[in-house]
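Chain nomenclature is as follows: A, B, C and D, assigned in order of appearance, with residue numbering initiated at 1 for each chain independently.
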Amino acid sequence: MSEGKTAPSPAGESAMDLRQIYKQGKEALLEKDIGVFLGGVETEFVLHHNRRIMDEYTFRQKAIDAHLKPETSLQILGVPLATPVIMSAMTMPIPAIIDDGLMKVARGLKRAGSLMWTGSPIPSDLAGIKKTGVALAANVKPLANREKLMRQLDELQEAGVDWVGVEIDSGQGTKILDKQMVFDCSPLSFKELTSLRKAVQAPLIFKGILSAEDAQKAVDAGADGIVVSNHGAHTIDYLPHPFQVMDEIVENVGGETVIMVDGGFRRGSDVAKGLAFGASLVGLGRPILYGLAADGEQGVEDVVTGINGELIRILSMVGASGVRQVPRNAVL
Amino acid sequence: MSEGKTAPSPAGESAMDLRQIYKQGKEALLEKDIGVFLGGVETEFVLHHNRRIMDEYTFRQKAIDAHLKPETSLQILGVPLATPVIMSAMTMPIPAIIDDGLMKVARGLKRAGSLMWTGSPIPSDLAGIKKTGVALAANVKPLANREKLMRQLDELQEAGVDWVGVEIDSGQGTKILDKQMVFDCSPLSFKELTSLRKAVQAPLIFKGILSAEDAQKAVDAGADGIVVSNHGAHTIDYLPHPFQVMDEIVENVGGETVIMVDGGFRRGSDVAKGLAFGASLVGLGRPILYGLAADGEQGVEDVVTGINGELIRILSMVGASGVRQVPRNAVL
Amino acid sequence: MSEGKTAPSPAGESAMDLRQIYKQGKEALLEKDIGVFLGGVETEFVLHHNRRIMDEYTFRQKAIDAHLKPETSLQILGVPLATPVIMSAMTMPIPAIIDDGLMKVARGLKRAGSLMWTGSPIPSDLAGIKKTGVALAANVKPLANREKLMRQLDELQEAGVDWVGVEIDSGQGTKILDKQMVFDCSPLSFKELTSLRKAVQAPLIFKGILSAEDAQKAVDAGADGIVVSNHGAHTIDYLPHPFQVMDEIVENVGGETVIMVDGGFRRGSDVAKGLAFGASLVGLGRPILYGLAADGEQGVEDVVTGINGELIRILSMVGASGVRQVPRNAVL
Amino acid sequence: MSEGKTAPSPAGESAMDLRQIYKQGKEALLEKDIGVFLGGVETEFVLHHNRRIMDEYTFRQKAIDAHLKPETSLQILGVPLATPVIMSAMTMPIPAIIDDGLMKVARGLKRAGSLMWTGSPIPSDLAGIKKTGVALAANVKPLANREKLMRQLDELQEAGVDWVGVEIDSGQGTKILDKQMVFDCSPLSFKELTSLRKAVQAPLIFKGILSAEDAQKAVDAGADGIVVSNHGAHTIDYLPHPFQVMDEIVENVGGETVIMVDGGFRRGSDVAKGLAFGASLVGLGRPILYGLAADGEQGVEDVVTGINGELIRILSMVGASGVRQVPRNAVL
């Protein structure tokens, strides 16, 4: 069907394509009984809702004068990245998927020019992960034991993470189906956020914002960035998808902080929509697990580069010159 | 995935979780041929519609400055309750599910700090139920034989029920699929409601309100409370879900009477939405049957405490300090 | 579940309920290869669309001061009926369903106090049908052979039909799936309608109106009534459901002509919606076939009386005193 | 069911009807492993979306004073056609379906009075195709090698095509599922479009417009026509259906250029909607493949004439006298 097939694919050549990686990775996780982590809280409404909302938007094509290869590299809070596609905060169940799983994720992401973001529990060898050269962020939960929380912040910074993240949306821990997964948390007050801010020298990100009110408080408390997120359907049932609240959040704090987003993103098309809604970075959760389960370090890299390749094609045809130049009306 | 798992789950520890209770209870009812009571009138549109409308709403998260454990206890019309989650009016088919079913429901609800609400027929040993200490409401149907209706009101009050309920929406009896279940009813006039009011010293609740007009008449007739309800899909086909009419009802009579709601509520998330729409109490119908069928008295308690536990987590993350402090815009 | 079951069901007692009649009748038709008549034109979009639109509406309940038994009898264009539920114009495939099918339909409808409406071809013994005492309307198609059409009008009137109907929407004949069923038709002009009007002494109904423009022309041409209809999905694919255009039609010609409706009506709830939208009569197509196939004359009667019984229950609870007193806002 | 069946079907008599051709053709393609061409880019959202958007519209019937046989022939950019139903640009996989496939498509379309539109690769014997007498358009892709692109334009004109088309939406090539199908493309600039315009004497069509911006640029660059299209789901995932953007495009450039449309059109009803939205011609992609696979040259003819026959019936009943007289409000 081609006129010659002499040019390489913009997305590069992978052993498995995204469809195959997702299928094979999911099957592998289900076989290993890690499948529970793919579930959602209580009725699992959020899982299905994420896709439904994503599917409500299509692209406004502007093909004439389009850029052949829109720029996807960017510098965010001091970190240079080859792509706006990053990992969502997550530690469990990575070590259970494959030997040396966290290091493999780190190396795969490093090769893709992406950022690794660890979650709960804090990996014991965070410094080792950082030594792979991967851009690294790490989250803490709002532990009810606030002293422990403060120690964790120190721990992260000593390990040399690039950014410190705080999950403001885990005040009730996490839950999958009817099973409480993480306990011993407690909501953070605005005053506490300002204290955390003082304790953190690195860029500080507050994760789990879903309203203009929380976004404003996060910024007022000194956040360098926020993640608009429904926590991958692992905290509260019937949370909205980020796209339902992005406009009000961007209107309130856009320009004052770096806005990131996650929640059901699977493809370059999803990522392009996130950028159009005003996010600078888009996080992947389950896709990273699928990549790791399907093909280890290579699978993680392939997921990110595959999605980035799709993103380039789409950004091109909506007329954007790069990831920073995607207007809100690129989606309709 | 936890940082320590030392704290107890806010929802307590149950032998079966809600998903298991619902599944096991439903199967048990179907085996016993009691499954017909799970059906809906005529086309069963209402059953499906209830869920669809519930699914249209998501929560506005306000996690910063959230309360760890919002208060769920409240005092309503003289009755102290540990939870806004109560039983919807129902007698049949409880005795057919399990020996001594009504008493088991009473004890389960008592232990959960909830309220029992009997329906048709009026239990023969209402006084015995009340002796369990459970908060107790009891309904009468709008019997065509008005003298019998008046005698029933006396009967309820003599048995010492806390509240008396009158089903204003059963003027055409009840029906499941194509089978008329309850006959011998007749719609009540406003004038008759005022007469009933005079005959009842206890708090009086009119159940089955689905329009501002009926709500206003109920209040004008002296109702202490109303239940916005489509009667669990057992009266008229194609009735709206309460959420479709709550705003107009609250606008008209909010503040003048206690507003309760039922209709397809299954989870803490559903209950939280009911509170956001302006209800003080939320009734459960089929879930109580599932609990009883699955695990007797314990099952009933587990359903209510399970849902209440979910409710606490959600109220917390929408920023509410208690069940009375859930603003309308907590749902979007 | 009843307090006594002494009162008879408002809907009367049938051997089979509606659900059973519909199921058994449909199966019988499919077995006899008459199932093709149940299909729809081309993609069959209209068949599914009819249900979807019907399902968009729910009832505004007004239970207080409701009437126990709203009046369903009415006099329309000189014809007294016990119910607003009538037969939609149809001849084929009735004779193929059962011996003496047309007479059985006539007697069943007569017993139900309903109206029979024949279609194409014009039954050979129309006078015999009329002798059953059933209220009788009969349609003609817009035959390309206009002389034949005029002869048919005379034929109908000689047979003593109560109303004469003209299918203004069959200008392209009828079609099921990809098979043209009726040919030799041609659209009627406004001028021709006025000529037909002069040739018909009986009340004249124009059937197949789906726009305010056609409704206005029909009235201007002297129609005594119109049927808002998408012809049971047998003419043009992707026609709207009557409810999509009823408001504009009622706004234009309401009060100037009798408005009837058909298209996917199956239950009393559907009929109640039709009345709320402004129709005086609601036609049934396939349900009559199901009734006949399931239980002959009795089945036809049972379908109409069953639906009428459902209608009474619903009219009661929307606060209507009769079929003529259903306000537009009875549906929401 | 007919009054005589003496008149021929307006759609003529085919050996297979559309339903059969589509079914049999699709099965044949899947057997031959050509099925991949029926797929869509990445998630295949566009394939399903096309149908969903098409299904949102129904027709405003205007049956009184309707025309029996609306005119479907028209003259567009110097080409006389018997129908507005044409072939969408496509070469692959036609030769793989059947021996001499391109010639059979040409002859089938010629007999139907339609237009053939070739795509990529440019058929080697374009002049031979033209000799069949079929109206012929041919597309070029925006090859990164612009010199080659200019040579292709010359090649097309030398072969005597009636119109020259340029795919402005293939700047990123084409892709099916996760497989890039066509590489070596590059987006065209406005300036390049004006150069192409100068190089083409024949009517010049820019294909793949999905926004008012691109439509305006196309017209400003001298396009004689544009095709509003999402490229049959073979370029970018989550593109809108043409109907989502037709109004803004017609508002901007309607009257200044010939507007054509494609994307999921399968039936006369779809085509009628396209005309109502303002298109002069409607392209078919997969249906042509189905016709060819099912019955060769005859199948191609039958698809076009079948759809045209459906179109006539529908145009008639929306009150249009011809394909040029379908108002925007014919759909609601």
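The rule is simple: contacts are C-beta pairs under 8 Å (C-beta built on N, C-alpha and C of every residue); 3 or more make two chains touch, one makes a residue touch a chain.
Remember, it's a predicted structure, so these values are computed and weren't measured experimentally.
**Student:** Out of curiosity, which chains are bumping into both chain A and chain D?
**Tutor:** Neighbours common to chain A and chain D are absent.
**Student:** Count the residue numbers both chain C and chain D use at their shared interface, divide by all numbers used there, and answer same if that is over half, different if under half.
**Tutor:** The interface of chain C with chain D is built from mostly unshared positions.
**Student:** I'd like the Å distance between the centres of chain B and chain D, where a centre is the mean of that chain's Cα atoms.
**Tutor:** Averaging C-alpha atoms per chain gives centres 58 Å apart.
**Student:** Suppose each chain is reduced to the average of its Cα coordinates; what separation in Å results between chain B and chain C?
**Tutor:** 41
**Student:** Among the residues of chain D, which ones contact at least 2 other chains?
**Tutor:** Not one residue of chain D touches more than one other chain, so the list is empty.
**Student:** Mind giving me all the chain pairs that touch?
**Tutor:** Taking the chains two at a time, the touching pairs are A-B, A-D, B-C, C-D.
**Student:** Any idea which chain A residues touch chain D in the complex?
**Tutor:** Against chain D, the touching part of chain A is residues 1-11, 17-20, 55, 57-68, 266-269, 273, 306, 310, 313-314, 316-317, 319, 332.
**Student:** List the residues on chain A that touch chain B in their complex, please.
**Tutor:** Contact set of chain A toward chain B: 42-43, 45, 49, 91-93, 120-121, 141, 143-144, 148, 168-169, 171-175, 177-184, 186-190, 193, 208-211, 213-214, 217-218, 221, 235-241, 244-245.
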